[in-house]
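Heads up, there are several structures right after this.
Across the two complexes that follow, chain A remains constant while its partner is chain B and subsequently chain C.
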Partner chain A sequence: MTATEKIVGNTANFVDERLGAAKWVKKSLNKVFPDHWTFMFGEVCMYSFVILLLSGTFLTFWFDPSQKEVVYNGAYEPLQGLKMSAAYASTLNISFEIRGGLLMRQIHHWAANIFMAAIVAHLLRVFFTGAFRKPREFNWILGILLLTLGLVEGLLGYSLPDDLLSGTGLRITSAIIQAIPVVGTYVSFFLFGGEFPGTDFIPRIFTLHILIIPGIFLAVITIHVMLVWYQKHTQFPGVGRTEKNVVGHPILPVYMAKAGGFFFVVFGITAFISAVASINPIWLYGPYTPGQISAGSQPDWYMGWLDGLVRMAPPLETHAFGHTISWNILIPAVIIPGIIFTGMALYPFIESWITGDKREHHLLDRPRNVPNRTALGVMSITFVMVALINGGNDIIATNFDLSINQIMWFSRIGIFILPPLAFIITKRLCLSLQRADRELLLHGAETGRLLRLPHGEFVEVHAPISPEKAYQLQSHEQLVPLEIADVDARGVRRPGALKNKLKRRLSKAHAVSIPKVTEQELKEIENH
Partner chain B sequence: MSNELTPIDNSALPQHSPRATDVNPASEKRAEQQVAILFGLSAVGSLLLIYSYIFVKDNVFIFIPIMGNQNAQQLGIGIGMAMSLFFIGIAAIHWAKTLMPDKEIVNHRHEFRSSDEDRAELVQTVKEGVAGVQLGRRKLIKRSLGVAAGLFALPPVLLLRDLGPLPGKKLETTNWKAGTRLLTDPGNRPILASDLEVGAVVQVLPAVADMEHRPLSDIAKDPVLLIRLRPEEFQLDAQRLAMTHEGIIAFSKICSHMGCAVALYEQTTKHLLCPCHQSTFDVTRAAKVIFGPAARPLPQLDITVDAEGYLVARAPFNEAVGPSFWERNSQ
Partner chain C sequence: MKRLSRYRRHKAAGPLLLIFALLAIGTTFSVASATVKESQSVFDRSASIEEGKQIFLKGCSSCHGLNAEGGSIAPSLIGVGAASVDFQVGTGRMPMADMSTQAMRKPRVYNEEETAALAAYIASLAPGPAVPGESELNYERDGNTAEGGELFRNNCAMCHNFAGQGGALTQGKYAPTLMGVEPKHIYEAMITGPQSMPVFSDKTITPEEKLSIIKWIKSAEAEPNLGGATMGRIGPVTEGLLAWVLGLGLLIGIAVWLTMRAR
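Presenting the complex of A and B:
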């Protein structure tokens, strides 16, 4: 026994005699993680969260969360002598006088963007492959919660430096809160400690940004990952992979080395981007004052789509009985996001209601094999993209020589027309991909080589595909619509006729698909 | 299902094919060296960071193509850190991929649903536990518990009461009163009507006691834009026209949509534009909304001149400035 082995052995013995952990750890180290490049998005989320914790903690050492008025006399000459909040002055200080401070600010901000992008990519992967199905609905809902928290956390962080841009964002936030009927004004006064902007808000959101929300994040992420651990990861279908097993590399050593290495890679790339690409140069915007604004005011992209919806809203207000209801704010900033996020959270249950499928699923869908779901996803992406484009309408207008008017009308009409169009096109596309799969299975791969038959006809030579590939192409289930009769076995009308009708129609739309190749068809081809 | 077909055996994993590093000692050696080089690059990065932090002055700039002039210290620290992290990661992954065992293994899944016996036992245990509490029998405890639980929830809410004052009429009032002088912002100078040429735009604030320390919440409501047109350019009704002075018209600068500063004035069209969501207001028609999501015109301030000829407000705003809120009377 070497000396190291002895030390390790003794330590392990010490721990195990007190916790009895050996059994559990042994089992865990043999845990298998399947491999696929799309499974990395979730990892990127986790790693960028850690990067945010580290860089954010660094910033707290110098950041002064206070709206006390100070006169700036720091290193950045153009702003010397100006009155500003201590928060803004300390952010200038971090940027210009703390070595590596600017880098850390940029790492923090870039990591926030990467974090949100990874959450969205992860969510789309889970959606399009059906990984949210039973038994993973809890984790889907936790994911939506993390996405929402991320939006809020990012908005609050963006507001902390108290520059002209972030103040403008807060002004808009306060207007949204004020627009909520009955309680809005009160909520706004309680949050801001009086009228906007007051002097309490930055210290308050600081506590939220660095303590409360990261704390909730940490708890939710922990549960999320523990559930993945306990329920085991899903896997793509393939030879040797079934609903009853999971195939991949064990935690120790390969997965550990790869995942650990990947953390450093993500951190390294974030640091590189932050070293060469400036983000949020707050010294160019100046300190916040509500009487001024910088042209081209923009939120971060993950808020941009909401801003775009607000921009395209029609100028509608209801004035009655001495009260005002701002539909132009409530619809785009409260009602639509509310519907979207609730709909997303409930989607697993909606789909299982439509398909009547209550089984556990551990094998992932190829998106083409569930055309309706895939089309719904692309439709939602299109909706958000149109909104996002409109959120940048001023920037697009100046860069592409268009008028804001043109872009606004494009968006106002496009937001109604393009998403349904995307739905129809995607559904057709999925079906033709299914058809192509079917062809491939029946006739093999096209080789591009032509063969001249004795009687002069040309045919293309088809090469047979590998058994693994063939298996992959036919391992999915054929979708079938639910059969719901309006009358029961004794011919009596069942209650809920309207609900049944809706369910039948949705189920039929969901089950549209190309018939799978049958054994008989294959045989016929072979005998040919 | 009838059309399921199982042309190949799905019980075994596909054949595991060995990597070059598994069979060829030369490529194994090479992979080992590559990993070492990658770790070495990481060390170089750390050294670059340390060097830049300690020895590079923060006023040194170096020119880098495409990026332009860059602060050498920031760049050195950043690139050093990026290398130091990135290459550790790449080294570990390369090591795992080429040299660690790459055989896939299989774990088995079990259904999550507990067995019926376990479920029944759980129900039994819970039932017994609940029965032990005896809430059904102890009416007095049940009621007092209800009272305590109900009241117990109130203090935490009450304790938050001092987060802010009640709104009262604050959103409907500004510092503009009858006779308040219009002062330039910045500068705090009073303005003669003759100071403004046709086509001019000036931002003004009300004269108040302490002009050096205006609270930001005042600056969020008080700013006003003065614009001078030729009187015949206005298309106003008599009442609105009477609120102007010699072609000078005054509007709240705070957007009626969500409260941004309406900062852009277009001379040729006489439009005011809010950069936040592009609401556009026509100055000649009392700031009527002609584009964008704002639903109300900008409030107009009634102005005149005082005995010394300086511009003053004739009356406070007759409606709340800024974004809408539930209690706002917008008729």
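Presenting the complex of A and C:
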């Protein structure tokens, strides 16, 4: 035993005798994680969050969360002598006078954009592969909560510098809050400490942005990751992979090295983008005054689709009993997002109700094998994309010589037509892919080699596919519709006829799929 | 005098005399009433009016009418002033290439003298804002960048974007970018209100304030991209695109590489 080993051994012993950690560590280090590139999105989220915490802490050292009016005398000449809030002045100070301040600001903002993008990518991966199914429904809901928190945290974050663009965003936020019937005005006055803009919102947003929401974030992320740890990671189907095992690399050394290295890669890429590309150049926007607005005022991308929905809403208002209800804000900015987020959170339960599947699932679905779910996902993406395009309608209009009105009408009609179209097309594509899989299993892969038979006929030689591939193609379950009889065994009508009818219809739609290759068919082919 | 007398029986002699007379009366009136500042036009008016008219008849009258009275497809130019002509023709917007939603900036068709002649001709029809002279455009001396920025955000940014990059208006119309526009043309646009733009009279925005705005625009134009590539200075739309394409794109590439099975 060398001296180093002795020291390490003794230290480990010392800790273990007092904390009894060895057993836990041993068990944890033997934890196995499956490998697939789509499993890395969650890690990107986590690492971006760490980057956000680090860069955000740096920024708090110099940011002055106050709306106290000051006269700017800093380094940026085009704003010298202007009156502005201390928050804006200190952000300018961070950008131009603090060493590395601008880079840190840009790292913080780019990391936020990448964080949200990775959350969405992670969510889509989990959705399309069915990783949200039992027993992971709670973790799915926590994920939706993290997404929602991210949206709010991002909005609050880019509102803090108190520049013209962020003030515009807050003005819209206050308008959306006020559009909520009955309580809206009170809530808005409560949040902003009176009529917008007031002098309170920066300090309040600051506390929310740097303390309360990150605190909740940390707690929820911890539970989220612990649940993954406890419930184990899902894996794609393959030879040797079952519902009862996890095939992959143990945490030490391979997984740890990869994951640890990946953190630095994420940090490196974020820092690289921050070093070469400007983000939120607040000095160009100028200080916020309610009387000013810039053409092409946009929120960050993750809020852009909401902005797009508000932009496409026709001017509908009702006046009754001395109250105004602004449907044009209420529907796109409150009701539709409410439906979307609630629907997303409840989706695991909805799907399990439709399929009647109450079993645990640790093996993932290939998206094509559950056409209905995949089509639903693509439909939702299409909906958000149409809204997002409309959110940037003015930018698109100027840069592509289009009419903003045409884009708006395209979105207004498209938001109703394109998502269902996407649903139908995706479902058909999934079924076609299933047919292709079936074809591959039965006849093998096309080789491109043509053979001329003695009697003159040309045939293409098909090569048999590898057993691993074959296993992957047929390991999924055949979807079957639920059998729900209207009458029970004794011929008595069962209660909830309408509910049963709905369930039967949905279940039938969900189970549409191409029949799997049977053993018999395979045998026939072999003898063929 | 002899050269002039040769044209005394010319067809245009009558109308021209009338125009001269009206111009004389108008000028006298405007000088006497002194509401409009005496323009320090760089143009030699009398000599170029006739030349301007000829250019007008050839190049502009098919839409704007033989006497610049306007028509069903083009507005009357009587009273728009030399500044308007100098802006529209000097930036290549007029003559229009096609009857699209809005005249766009393009290489100019008429050179400086021809533009000046056209401007003089139109100015001779009725009084209007004159082309600002060099001394009126000394924005470096008379302007204030910070004040100009404030004025710009108050009056211009809602259409031209916070950094003067331009923006969308209704029905395919747009507020063009202000980058690379001559100070003279910016000034003229403010006093004449071309296309969808409102007129910013000297009462709304004083000449000094106009110079401040120009100074700020020029400073924004010259400002290096302090934070790195700006992707057009048009806000978060391009930023979001970059975050997805470059940010997530690179990360996916790395993730694929990291999880690749060892061969």
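As a working rule, the second predicted complex is superposed on the first by the 528 of 528 C-alpha atoms of A that agree within 3 Å, B and C clash if a C-alpha of one lies under 4 Å from a C-alpha of the other, contacts with A are read in each partner's own complex, and residues count from 1 in each chain.
Here is the rule we use: a contact is a pair of C-beta atoms (placed from the backbone, for glycine too) under 8 Å apart; a residue touches a chain by one contact, two chains touch by 3 or more.
Treat the numbers as computed from the prediction; the structure is a model and nothing was measured.
Once the two complexes are laid over each other on the shared chain, residue contacts for A:Ile293 go to chain B and to chain C alike. By the touch criterion defined above, A:Ser507 lies against neither chain B nor chain C after alignment on the C-alpha atoms of chain A. By the touch criterion defined above, A:Met312 reaches chain B but does not reach chain C. Judged by the number of chain A residues each one touches, B leads among chain B and chain C.
Shared-chain residue A:Asp394: touches chain B and chain C both. Shared-chain residue A:Glu519: touches chain B; no touch with chain C. Judged by the touch definition given at the top, the superposed model places A:Thr374 against neither chain B nor chain C.
When the two complexes are overlaid on their common chain A, residue A:Trp301 makes contact with chain C while staying clear of chain B. In the superposition on chain A, contact of A:Lys232 is made with chain B only, not with chain C.
Look at A:Gly184: by the touch rule set out above, it reaches chain B but stays clear of chain C.
Touched by chain B in one complex and by chain C in the other are residues 102, 258, 261-262, 265-266, 269, 274-276, 289, 291-297, 393-394, 404-405 of chain A. For chain A in complex with chain B, the touching residues are 30-32, 69, 99-100, 102-103, 135, 168, 171-172, 174-176, 178-186, 188-200, 231-232, 239-240, 242-250, 253-254, 257-258, 260-269, 271-272, 274-276, 288-297, 307, 310-317, 319, 322-326, 328-329, 360, 362, 393-394, 404-405, 408, 467-468, 470-471, 474, 477-478, 515-519, 522.
Listing the residues of chain B that touch chain A in their complex gives 1-5, 7-8, 10-14, 53, 58, 67, 73-75, 77-79, 81-93, 95-97, 100-102, 104-109, 111-112, 160, 163-167, 170-171, 185, 203, 205, 213, 216-217, 219-221, 223, 253-254, 257-261, 263-264, 275-279, 289, 291-296, 322-331. Taken together, the chain A residues at the contact with chain C in this complex read 35-41, 44, 77-82, 95-96, 102, 106, 110, 113-114, 117-118, 121, 164-165, 258, 261-262, 265-266, 269-270, 273-281, 283-286, 289, 291-302, 304, 392-395, 397-399, 401-406. Those residues of chain C that touch chain A in the complex are listed here as 101, 145-147, 149-150, 153-154, 157-163, 165-172, 174-175, 216, 219-220, 223, 225-244, 246-248, 250-252, 254-256, 258-259, 261.
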